[in-house]
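Both complexes shown next keep subunit A, but they swap its partner, so subunit B is in the first and subunit C is in the second.
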Partner chain A sequence: MSLRKRTPSLYGGIDSMYLPALVMVGVFIFYPFIRGVVISCTNWNGYSPSYKFIGLKNYLNMFTDRRVLNTVRNTLVYGLGSTVLQTVFGFLLALFLDGRLRGKSFIRTIVYLPVIISPLIMGYIWYFFFRYSGGAMNDVMMLIGADPVDWFAGGRRAVRVITGINSFQYVGVAMIIFLAGLQSIGRHYYEAATIDGAGRMQQIGRITIPLLMPAINTNVIFAVIMGMKLFDVIVATTNGGPGYASQSLSTMMYSLYFSAQDAGYAAALGNLMLVIILLLTGLLLKFFRSREVDLV
Partner chain B sequence: MKTVFRYGLAVFIFLLFLIPFYMLFSLAGKTPMDTSSMWLPPRYIQFDNYLAAWNKAHLGRALLNNAVITAFSVFFIVGVGAAAAYPLARKKTRRNRIVGMVLISCLIVPPLTILVPLYKFIVDIHGLNTRWAMVCILVTFQLPLCIYLYKNFIQTVPAELDEAAVIDGCGPKTTFLRILLPLLKPATSSVVILCGIQVWNDYQFSVFFLQRSEVHTVAIALSQFVSQFQNDIGLVSAGCLLGLLPMTLVYLSLQKYFVKGLSEGAVKG
Partner chain C sequence: MKHCYRSFLIAALALAVTMSGFAGGASDSGGDENNGSITVFNNQHQIALGIIEGITEAFEAEFPGIEVDYQSIGKDYESMMKVKMASNDLPDVFSTHGWAVMRYGEYTYDLSGRDWAGKVKDSIRDIITDDKGALCALPMDLDITGMTYNKGLFDSYGLDVPRNFDELLEVCAQIVKKSNGTIVPLHYGGGDSWPIGGYYDFNSTGYYVSDPAHDYREEFLDGSFDWSLYDEISENFLKLKELGYLNPDILTSKYSDSVSALATGKAAIGGCYGAYIISEIKKINPDFEAGMMPIPAYYPGDDPTFVGGERTTWAVWKDSKSLDAALTFVDFFARPENLRKVAEANGIPAGLSGVEPSLGDLQSEYERFEDIRIFPYLDRAYLPNGMWDVMCINGQDLLAGAITPSEYSANMEKEYKRLGGY
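== the complex of A and B ==
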């Protein structure tokens, strides 16, 4: 009973300790955000001192702009595609590297290695790999008698290749999270299931996956957010091309602001991206909250 | 038979994840005349590409810039973040709950969504092409994650410890510095590793805010170098290899902490 009353003196005056953080977030995130909302309602070109307010025109234009629609679709593919790939392969890797295997910690180290590497450099490496002439992938294609493929042409293929590159780089994160999750599942569940005559596949389906729901949740949210803001890899490989075919919202904003000098439109696009990501993470969080289980 | 399959699979995974590094290494070792496949290693040893890349990409200067920016950023991330997490974890008043929610919810704000206004703001405060503005931005965008990790960790430290310290005559701030901060080492190593990687590898902010070559970081220096010399793929590969070497060496020598710090950060969260 006394603890509650004593709290003020125990922690008296410590609230001021979050002021620096609050000021920084206020100055470098919230203030620009508010200014961004204002800029998105103008036709500002990014440098001239004069501009006009044009209301919601930038936002309305987005709905009829084919580039934007395509970019939104690409961004969703980058986000959701990477999420599926990373979650599935991360899970399989964790399952495999959790079992009896000599040198498994060594392999974990290597699978995790790409995570710490600059995504820009990773993009360049895979660009060299998938290059049309002299690329390693086309060497293989010719070796098996097929025609060389222009992996970054045609938009859709480029989007898939880039999604793959991003997933390859970050599958290690999913693996580590799943490994930690696997180690927290008590042996007795599996022992009981074995006694009841459940096979390995059944055990994975009925015990492992349901109990890993929190880990899956963490992974999905992380991968969606990371994938939707993909930037570095795209710059390193296609730079959004050909044309606007593999542009993500991030790279498109960059080119609108600095190349097309349409800052107002770029700001509006930024807000659209924010809304999409907030909606998507909100939906996913809700979906997962209803799915967490408690085996006793 | 099953064992053979397991080890076969293990070797396959191992090779798969080494491919990008092998390719880079193979390309960087070849002269421009050598057009053999990327799959084949060079049949001679030469370091010309590395030397030329180091000089032409100005990697020395870029590494120094990167080191300075990363060191200052990580220092402030830990300092500002840990301090903010303490009242948020310990004093659950209504106001603090709201403050905590506001700070941590910034985690899902993709930095580039506010690029346009942020760029304008940085120009207005004369922060373009300065290392201090870069540090400010990087710190701000890492703070939500840092506060989140520290807050969760502090909640696992019994509050009785704080009480004992206060009874022994410590003020709340001394308690934080002397008692709590040393206990937070596992969280601190998570934060340093997670945020350190992102700050070190940053490209999306650097490309906008560090445009002058004197302040270029490794990612920016390399991107300009690659677009300038893209026809000399050996040279470019050597540059990339040198660029990812520092972080790789740090990772391989401290991997135990990396994996631990990361899984703890992710699971506690």
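== the complex of A and C ==
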């Protein structure tokens, strides 16, 4: 009987366990991505067996297409607007609920509740709230003598309202992330600061926020990606309209592929969205990581 | 060993990636005319949907050897079917919703050999027959569509249906005046976008088809249409809005809001809704007295028109693995008693001769307007496949003030050339 020394191998032992994951990533991530890049260089209508390669024409068309420019702007508003609202209100709620407060578990549950509702249903709930005829908001406005407003008719107003709806739905996620972060900060930091004469606002600015940077980082990246991929709420409230006024890149891709029968252009738009999200999240990651601290 | 593992990993990955390209294909269910398993996709509205489901249940009871996987897809039907066509994996039986030839023609089984094929009414036969003579679908009913209106309201105000655009403006003015502005003359659920496209599809006939001096059908078909002529129809849409004859929430209200507004007497005319809306209105207001007016002409001397074509149809996928069972299913629907149920639910005539449905409120309207000419929907007959969405979305943009009528026409021209290859 001989013993052979077991040496760690890159392709031995546990490494073969990668195979199922690699296959899944290949089939569901790399293959569709490569197909998407190929389709973006064609004039495919989305269902016909034949199409022509048109090079980079779809990408070049984006620069002169006012619909795309408007949609990119909307997408940034959905992404960054939702991030700011969720982060600010999530942080304030977390601060409020981190103290000694009766019924805080109940309040946490209420704030988190919208997260478990389907975004499509959430959109319809708010649509019935904001609709022109018979909407609760306009009923209230008429009660105080104001004229009713068609909230979703103006493109920019619709974008703001949708951003608000998305933020309302996911502020609970931000709150939970911040609460977890707050509870990991040792009380001794605040006790020391109090002895040094620091007020509540100074403690938040000098202790809480710097030590919450990892939580802020996580929350911001999550909110940016979710906001920029916003789809369901837009479909339920305005369906991207009027016209293209409240389209996000996601809804416009869907519209181009399935309605306008321009799958090539839709694929090019998908790649544009990928680049924008990669760039934005990369910059944000770099920004927040440079501000992460350890107090000693 | 290293090399072996690496090769294995790469080969497995490549195989998985390659195999995913072959995904799809029909289920191999086989069977004969009394046995098998079929998938049926339907896109119908609520009332007709219930009728079709009822007939499907009766079919399953009579043919227990045929298992029917019935799916009502609703508003995502077109998207779903495009995905199915892209993967060449269509349902065995499916609705063609106005596109039996132009969109689905290359996937459909020729039904001209069925027993009922000789009874297809002449007015629909050409629309669902391709250039090789293949009958692409069973037309269960025959779409004859004008504008559904509140006949009771018209009678009480002493109004007659308008025959041209000027008379339409006058009727709208009378409705606003006599109701003290509480009733909207024309209601469109524009938030759903398709009713906006409906304005263009309905009225284009009067502007560009029905008047002999302004008949541009050939130009539409050969790619030579001068799209600046299309400004006029958009300008008049804006005119209706500026005069206050359209619902103020036209950009955000939905089809269901139109149903509600007509049912509760807050609107007088459904701007682009055919008879199918009546049964939904009557669910809210059973006493609603419905009428259907022809679409007013635009040019002096021209007559009003109806638009028409396919409505409720079944096509069979030519590569179905359960072809015989699928044909049995379609033949079952072609029975007179079943056609009558479908036609009555939609309030329109049956697609096969020898079937006389009871059309309720509209019976007298069809008799009154029996001489009115019927033209196919502009986008289905004369524009390239895909223009419908362009009409709808740009119409919303127009009403929102984001584009002008000439920009609307320019956008139409651009997409017309792209989709038509002109």
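Observations on the model:
To be clear about the criterion, the second predicted complex is superposed on the first by the 284 of 296 C-alpha atoms of A that agree within 3 Å, B and C clash if a C-alpha of one lies under 4 Å from a C-alpha of the other, contacts with A are read in each partner's own complex, and residues count from 1 in each chain.
By definition in this document, a residue touches a chain if its C-beta (ideal position, glycine included) is under 8 Å from a C-beta of that chain, and two chains touch if they have at least 3 such contacts.
Since this is a predicted model, take the numbers as computed values, not measurements.
Judged by the touch definition given at the top, the superposed model places A:G227 against neither subunit B nor subunit C. Residue contacts after overlaying the shared chain place A:G90 against neither subunit B nor subunit C. By the touch criterion stated above, A:I121 is placed in contact with subunit B alone, subunit C being left untouched. In the superposed model, A:G155 makes contact with subunit C only, not with subunit B. Taking subunit A as the reference, the larger set of touched residues comes from B, when subunit B and subunit C are compared. Once the two complexes are overlaid on the shared chain, A:G81 sits clear of subunit B and of subunit C alike.
Once chain A of one complex is fitted onto chain A of the other, the partner contacts of A:S255 are limited to subunit C, with no touch recorded for subunit B.
In the superposition on chain A, contact is made by A:L22 with both subunit B and subunit C.
Touch criterion met: A:Y31 reaches subunit B and subunit C at once. In the superposition on chain A, the residues of subunit A touched by subunit B in one structure and by subunit C in the other are 9-12, 15, 18, 22, 27, 31, 46, 254.
Interface residues of subunit A, counted against subunit B in their complex, comprise 6-7, 9-15, 17-18, 20-22, 24-25, 27-29, 31-36, 39, 46, 93, 96, 99, 101, 103-104, 106-122, 124-126, 128-129, 134-136, 139-140, 173, 176-177, 179-181, 184, 215, 218, 222, 225, 228-229, 231-232, 235-236, 249-250, 253-254, 257, 263, 266-267, 270-271, 273-274, 277-278, 281. By the touch criterion given at the top, residues 9-12, 15-16, 18-19, 22-23, 26-27, 30-31, 43, 45-49, 131-133, 150-155, 238-239, 241-245, 254-255, 258-262 of subunit A touch subunit C in their complex.
For subunit B in complex with subunit A, the residues that touch the partner chain are 6-7, 9-10, 13-14, 17-21, 23-24, 27, 35, 37-39, 80-81, 83-84, 86-88, 90-91, 95-96, 99, 102-103, 106, 108-121, 136-137, 139-141, 143-144, 147, 162-163, 166, 172-173, 176, 197, 200-201, 203-204, 207, 218-219, 222-223, 226, 233, 236-237, 240, 243-244, 247-248, 251-252, 255, 258-259, 262-264, 266-267, 269. Of all residues in subunit C, only 1-2, 4-6, 9, 12-13, 16-17, 20-21, 78-79, 81-83, 85-86, 88, 190-193, 248-249, 251-253, 257, 261, 385-386, 388-390, 393-394, 396-400, 402-403, 415, 418-419 touch subunit A in the complex they form.
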